[in-house]
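Each of the next two complexes has chain A plus one more chain, namely chain B in the first and chain C in the second.
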Partner chain A sequence: MSRRKFILNFSILFIFTFFMYGPLLNTIMLAFATQYQAPHIIPSAFGFTWWKNVFSQGDLLQAFFNSFLIAILATIVSMIICLPAAYAIARYEFKGRSWFLFSFLLSNAFPKIGLYTAIGIIFYKLQLMGTLTGVVLINVLNTMIFMIWIPIGAFQNVYKQQEEAARDVGAGPIRTFFKITFPSALPAIIVAAMYTFLGALDESQGTLLVGFPQIKTMATSMYGIILDQSPMVGAIFAILLIVPAILILWICYKFLGKKSILQQLFVK
Partner chain B sequence: MNESRGLRKAIIPYIYVTPAFLLILLLIAYPIVTSIQLSFQDSTTSHFTIANYQYFLTNKIQLFNIGYTLFVSIATVLLSLILGFILALYIRFNQNKISKAVVALTVLPQFIPGLVAVYSFMMVVRNGGVLSRIALKFGIQYNPNMLYAAKGLISMNLWFNIPFATLLLLASLSSIKDASIESARDIGAKKMTLLKDIILPSTYKQIFIAGAFVFMSNVGAFTTPFLMGANNPQMLGVVLYREFNENMNYNQAAALSVILFLLCSLSAVVYIIVNMRKEKWR
Partner chain C sequence: MTIKLEIKNVSKKYDNGDGIQDINLEVQAGEILTLLGPSGCGKSTLLRSIGGFESVTEGSISIDNQDITTLPPEKRPTIMVFQGYNLWERMTVFENLEFGLKLRKIPKDERKNKIADMLEMLGISAMAQKYPQQLSGGQQQRVAIGRALVLEPEILLLDEPYSALDAKIRVQMREELKKIQQKLKITTIFVTHDQEEAMMLSTRIAVMKKGEIVQVGTPSEIYNSPADIYIASFIGQMNFLNQENRIIAFRPEDTEFVSVNENNSETFDGVIQSLTQMGHYTQLFVTVASETIILFGSKEVIEKYTVGSKIVFKITKKLSFEKEK
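Take a look at the complex of A and B:
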């Protein structure tokens, strides 16, 4: 590499990294600060005082708990509702198949906030406003695309011959499904579940609109924290939200490699 | 006997898709139909009226909000496409360790929760934030004035959309063969000619598709403008939230959702037109 080229390469990397990662690194640093007064760029004292502060605020702890509860429930409900549909679309030829698939991906074709308000009006009628059921339903809808799209590909890749062989030696359809089809598709289903879980953990707009103020999650608490708490509290919540994302990204990477992660990105 | 078995088999896929389909009916079809209905009703008498739409399309403040939303979204689309395209070109035609590092760095931000990104960005660009403090180290009094202004919103949107645009465009740039670039160079094509005659024709579809996606996600944006935007003018997503949550005027909220749906469908139209055109450029 010539010198000019090296400088060009390096400055692109630097500007890009500074713009994309500078803010995040700053946040991670702030989470462990105790004193952060102007004009200091780097906090003048570090410690865990603010962590103690966060964990002594009851409603913030409740939000932490709610987030995980909603994410787990949404993932389970999503699997129950979506996996059969994904299986049918992957494995059966039937009239209206592509229309059903189209309808399942429809929720991503609308501006989210518009759709949530429309749903909110219905939820008032059904008295689902401010309930756990309502929030879980919103999250299932929001993450449906993962639980339909990724498993369809997985079910299509299971060898038909293997299933037929199992049927030939006398296994029933249910046993064949659980002994052959499901295990082969399992890695992809796990990835889909992780994306669903993560999506529900990060979801803020729908939960704010449908669940607030009865149901607070970490993500919806962020709105209030950003507007009226100390910067350090926001930074700690940011870390609590990032860590599961990084963990899940890492696990997916281990499971499926880099390429499949890139492909899933475009599903979003 | 055999016939009923065949019938049972034919029904099975429909049984499997029913739960998911019911959810779509309950959470998409029913709300949207109800919204359209409500948007044409008077809030007290429930009689048919177009006043809810008239309000948004004639009221000066609301017209300004619509214009502001379009301005921020279109600026975001153009800037993220231009910067994303440059970054993708750089990655495609400079295969070295640094460009590979840039690719890896584009992937991660997609997994960062939106609120965390907005919060982190605000800490840097607010007056008295990191940028101001760095400037002060060099003895300069500097306030970015990014919060509550369009430039702040657009910069935040770029943070979200540049990686997306880059990855999408990179995918289509990768499909251009090195051989065709080299042979064009051999017969003396200049860089601009290469761009105009080889690279753009084979990527323009992806450029439009990326633009359509970026436009759609920004027209209906809520979190960023809610936290970083001004009170006047407001992005439509925030207006809608306030209409629904604070004014509790469901008829007007419904009309505004319909307007938002229509604005978003602009990008669906672009998407469909681009996909229908069959390689006319080549």
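Take a look at the complex of A and C:
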């Protein structure tokens, strides 16, 4: 490799890395700062002062708890609604099947805020505004695409004859699903659940619109924090949000192995 | 002989027009009945209808005089061995065999004994704790048969079970299946497109064509007196010669080489195109008028004749069919 090419390659890598990891590093740095003034790059003092501050704010801890509760509920509800649908789409040919599948993409292509306004009107009528149910529903809606699309592929990969063989030896349709189909599709379902969970943990727009002011999550609290509190609180919050995400990714990685995870992401 | 399975006027129509029409068949207890025909003739559809995987459009199916036409597969006393085996890959060999027994609420000790006996009989005891992916094709095939037999079904259904195996193992597996079947006396329905396999395994063969059963009989009945040209050409080696408005058919082994043409309808002149020593017999390609036929002769024939020479042969056994219009 010529010297010039090397320098060019290195610069591209450097710029890419800087944009990718720069904000992340800055956030981590800010989280452990005690004093920071805007034009400076490096904070003037480090410490845990702001961490103490965050953990003493009761409503922030409540938000932390809410975030997890909503993410867990959204994942469970999403599985209950979407897995049977995914199975039906994977197994049965029916009119409008591809249109139905495509419509899931379409709802994600819409500007979210427009969608939420329409949902808001319905939720007001159903008295779901400001309730946990409403917020969970909004999160299910947002993450449905993962719980439908990923398991469809997984269910299609389970040969129909594998199910027929189970029916043949005496298992009814429900037992066949749980003993044969579900275990085979489990890696994909875990990945879908991971996406749903992380998506719900991070979701702010819908939660803010439907849940405010009764239901506050970490993600919605960020809005207030950024406006009212010091940047260090925001950074600490970001880290609190990112830690469970990394933890879950790591667990999935350990449990399923690198190959399986990449396969579910359609990477060969 | 008791009738185990009775199929009456069964039809199954698919939207694209394929399917089976007006099937009538009786299967005797303890026999191996083969459904033989080319792909797309409906043999698998018929088998799947017996197993409960296809609901029939018309007719009835009964086992031991019990109507099972509308029962789902799990309620039928039949077990199927699928093409490509379909073992459950997340279960060990032992668990594959155990699954059905557990559903039948058989106590643990009894389950263990049954499975051990079955694996022993199939010669795969050492594989009990392995997963299907770790086994060879032949071993997977044995597990698939074991998984079916351990449940002691009234009727064993086999859907081209050997199509994925290579030729040598296939022959070996056929022998094994035949031995096991004779030992257990289990009524068996076997689907294949391989006439040799059908001849070797079957007590009786049902030949299928375009969704219908065209002839049912023992292998020798089918071989010696095929009902029509289609069956004649499908089973074994058969020669056809046009004679006025009829077609005569004869097996390559049913001829005698003679020195003089007696000028009757059994004797023909031909020109030898090739001579091949096949071991204990000689195979000759001969042209009669403009048609090429195959004849078998004794191994000494190759010394008496040469390529291009004239040969006179007499047909000792023939069939005659009307020309299809």
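Throughout what follows, the second predicted complex is superposed on the first by the 237 of 268 C-alpha atoms of A that agree within 3 Å, B and C clash if a C-alpha of one lies under 4 Å from a C-alpha of the other, contacts with A are read in each partner's own complex, and residues count from 1 in each chain.
Here is the rule we go by: contacts are C-beta pairs under 8 Å (C-beta built on N, C-alpha and C of every residue); 3 or more make two chains touch, one makes a residue touch a chain.
This structure is a prediction, so every number in the text was calculated from the model and none was measured.
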More chain A residues touched by chain B or by chain C?
B
Have a look at where A:Ile148 lands relative to chain B and chain C in the superposition and call it first, second, both or neither.
first
Tell me the contact category for A:Phe102 with respect to chain B and chain C: first, second, both or neither.
neither
Where does A:Phe48 make contact in the superposed view: on chain B (first), on chain C (second), on both, or on neither?
neither
Regarding the shared-chain residue A:Leu227, is it in contact with chain B (first), chain C (second), both, or neither?
first
What is the contact status of A:Lys112 with respect to chain B (first) and chain C (second): first, second, both, or neither?
first
Counting only touches as set out at the top, which of chain B and chain C does A:Leu137 meet: first, second, both, neither?
first
In the superposed arrangement, which partner chain does A:Ala165 touch: chain B (first), chain C (second), both, or neither?
second
Chain A residues touched by both chain B and chain C?
none
Applying the document's contact rule, which stretches of chain C touch chain A when the two form their complex?
51-53, 72-74, 78-80, 82-84, 86-90, 99-100, 103-104, 147, 151
Parts of chain B lying in touch with chain A, wherever the complex brings them together:
10, 12-17, 19-21, 23-24, 26-28, 30-32, 34-35, 38, 87, 90, 94, 96, 98-99, 101-102, 105-124, 128, 130, 132-134, 136-137, 159, 162-164, 167-168, 216, 219-223, 226-227, 237, 240-241, 244-245, 250, 253-254, 256-258, 260-261, 263-264, 268
Please give the residue numbers of chain A that touch chain B in the complex, ascending.
1, 9-10, 12-13, 16-17, 19-24, 26-27, 30, 38-41, 80-82, 84-85, 87-89, 92, 94, 97, 100, 103-104, 106-107, 109-115, 117-122, 137-138, 140-141, 144, 148, 198, 201-202, 204-205, 209, 219, 222-223, 226-227, 231, 234-235, 238, 241-242, 245-246, 248-249, 261-262, 265-266, 268
Across the complex, what residues on chain A touch chain C?
159, 161-162, 164-172, 175, 179-180, 183-184
